[in-house]
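Handing you this structure, nothing more for now.
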Amino acid sequence: MKKIKETPIVILNFKTYLESTGENALKLAENCQSVAEETGVNIMVAPQHGDIYRISNELDIPVLSQHMDSIDAGGHTGSILPECVKEAGAVGTLINHSEQRLQLFDIDAVVKKTFSLGMSSVVCTNNIETSSAAATLNPDFVAIEPPELIGSGIPVSQAEPEIVEKTVELIHHINPQVRVLCGAGISTGDDLKAAIDLGSEGVLLASGIILADDSKQALLDLVSKI
Amino acid sequence: MKKIKETPIVILNFKTYLESTGENALKLAENCQSVAEETGVNIMVAPQHGDIYRISNELDIPVLSQHMDSIDAGGHTGSILPECVKEAGAVGTLINHSEQRLQLFDIDAVVKKTFSLGMSSVVCTNNIETSSAAATLNPDFVAIEPPELIGSGIPVSQAEPEIVEKTVELIHHINPQVRVLCGAGISTGDDLKAAIDLGSEGVLLASGIILADDSKQALLDLVSKI
Amino acid sequence: MKKIKETPIVILNFKTYLESTGENALKLAENCQSVAEETGVNIMVAPQHGDIYRISNELDIPVLSQHMDSIDAGGHTGSILPECVKEAGAVGTLINHSEQRLQLFDIDAVVKKTFSLGMSSVVCTNNIETSSAAATLNPDFVAIEPPELIGSGIPVSQAEPEIVEKTVELIHHINPQVRVLCGAGISTGDDLKAAIDLGSEGVLLASGIILADDSKQALLDLVSKI
Amino acid sequence: MKKIKETPIVILNFKTYLESTGENALKLAENCQSVAEETGVNIMVAPQHGDIYRISNELDIPVLSQHMDSIDAGGHTGSILPECVKEAGAVGTLINHSEQRLQLFDIDAVVKKTFSLGMSSVVCTNNIETSSAAATLNPDFVAIEPPELIGSGIPVSQAEPEIVEKTVELIHHINPQVRVLCGAGISTGDDLKAAIDLGSEGVLLASGIILADDSKQALLDLVSKI
């Protein structure tokens, strides 16, 4: 078992596929953990809310929430309370994913909530401008994902390298502490290597691994070039 | 241990209070289970999404979800997939709670989703008209909760008995199979008894029990008059 | 100039096409008025909020709003206040169009607001179940539009006649006062005739007329079979 | 009649008060125009969508929209199409008002839409962090309004001067071209003077003028100290 390095970071967003729900989510997370231990790559998983507790308690891999609501404890039936997410075992959260876009007001509030709870924050963005905006809010990570490439199989790191480079440059100008990830269309070792070469510290990905015939092998391929 | 009777039904909505989150949620659900077993009253719990798996797996009490999104499996980061809720252990769900109101389109779609998954549906409504509308969608339960009384400590069954009676009458005219619950301000044995006497089959309640100094005693009081 | 008959009713939803915005909206509404006066068919127009005042003041044709928010006067920057819509000249409003779906709570509230303002209400629905639900709220009209046929060119009155017939039957069972319209894919005289033959009192349509090379001729064709 | 100076800028948000709807909106805008002409202060009005055309056509004062939706022309029933707002006579728009908060994604898209339409953009924000984020999107104006002071009668320029100063400083560091306004609780000449002294170029205000017994006198008082 290798020591897990800090970078590159690979975040696997489980989304709401049946292939990554319940029992399947647990197995997929086990595969992520195995690959992390075998290769030393820092892999995190972002399962559905209903699966956070189970994965956190049965495995030993960092778990992120896919979303948290901008609420304080109280009467908010059906909402995702950050304190509940944390107690279920998550160490951080995606914020403003393109499939769960938030108001600017709420992105700011949820990032601040992660500060107060000691959790990590990964703000997802769709272009250079919104990435810059996100960086001013001081999250741990900004993950840029051009929406037209999500689920396309066309990797952002190869199709639009200048967007990743420009985002890294602008974000580091605004706030050097913010770390940049990129996503959309990422699935192979070349995609991840290209992302790192462009200055990002890792990737956010989903269907390329989740829907692979052999998700463990797909993960091994992903990290094979670094 | 008594046999659990079918009615009256008591649904405890855990909302997002810290007193009903994580470890506290588990303890509160244990109290609910104890009272159900001691009295034979049909108590169900509706914890947060992050706590459904834990409560379902460690206890033996019917668990409802507080909400489900009107989505099919796929790319819906951060949403509540009905199949995930079911696999985590929930046997049904609240729909359209006043703190998580849905479009008419989605209420219809989620009720149909519960049919296909073999889950129970509890559509919450705010007045006589929307209760009638909900009844046409054939859910298992309609739970009427006048919003001005929620969390007020003023029980709907005593403050506005005619609303409960009229709702029962209209719903049974539209669809005799739909069962009627009522909520808002319910906390004592008299409140529950009044609700039953007005023709409803049970109650939906939250803060009156969750925030009580001794939630088990509060539950025992609640069911003491029936 | 013919006397306008009460039925059939033709509601032209201007949506947000450039072909039905501003000066173009005025010309399109003029064409609607001409055809109504030449044929006696009851044509209403539903332009964008910014065009209601202009059309109402320069022409003599019933104007509906495309939407109204469920708000009372006060601090609601950017929202559509029913009183403003009325004062601008609208005599009624579409509610819950498939492109502007509302919560059940708000459909009920806006229908009641139209009662208090003496305006007409046209609640749009997507299937038989939601049509029944809408009918319990006592609007003037329910307009069923299967979403898969909207903008398709395939007319609901011919593609899914049983949906229209069943909707008419169920709505009249629930509330005989509610009048039924249908929409989606309607553009020709045969489509409108089929809609009437199935028991509806008229149609809601948009792109088939708005995007026609000659909108006046398209309207004349639409009403040619009745 | 004085020549209108470029600064200070006073934007009167009409919100959805009956006192600023329809005929009342026209009268209020007339008062704004009179005061602008008598004093040379740059006053703009932001009436409801239904009143934009009427005010733009009957008066000679810059009109802003209270909101525009992030949509292109097409099938968006009930939405606010930027092109319709422009053709009705608006020269710019408020964006992300605290009563009409937008997703970060949509703030960026609407600001870009104003660029392409040659309209002015006023992005409203709630604190220093979201003001910085807004500035990265290159709008013409950022208007900071601490939500706890809106409608309070407690002026931001006097209650929280450091917030205005710090916002001006940070925004000018990020993008010196972005001009800063402030709002919340503004109604008197001292409030406006304080706002200017803190480095902002004007104010956004509403109820303090709209609900005044004599709105023209209230406006004259507002601009009396500059």
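To keep things simple, chains are lettered A, B, C and D as they appear, and every chain counts its residues starting from 1.
One rule holds for everything that comes next: contacts are C-beta pairs under 8 Å (C-beta built on N, C-alpha and C of every residue); 3 or more make two chains touch, one makes a residue touch a chain.
Every value quoted in this text rests on a predicted model; they were computed, and no experiment measured them.
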Revision key, fill the gap. Ordered by label, the neighbours common to chain B and chain C are none
Review point. Which chain's mean C-alpha position is the greatest distance from chain D's?
Key: B
Study note, to complete from the structure: Taking each chain's centre as the mean of its CA atoms, chain A sits from chain B at a distance in Å of 34
Review point. Roughly how far is chain B from chain D, going centre to centre by Cα mean, in whole Å?
Key: 45
Review point. Which residue numbers or ranges of chain D touch two or more of the other chains?
Key: 98
Revision key, fill the gap. Chain B residues touching chain A in their complex are 13, 15-18, 21-23, 46, 48-54, 66-67, 71, 73-81, 83-85, 87-88, 94, 97-100, 150-151, 206-207
Study note, to complete from the structure: The residues of chain B that touch chain C in their complex are 96, 98, 101-105, 107-108, 125-127, 129-130, 132-138, 174
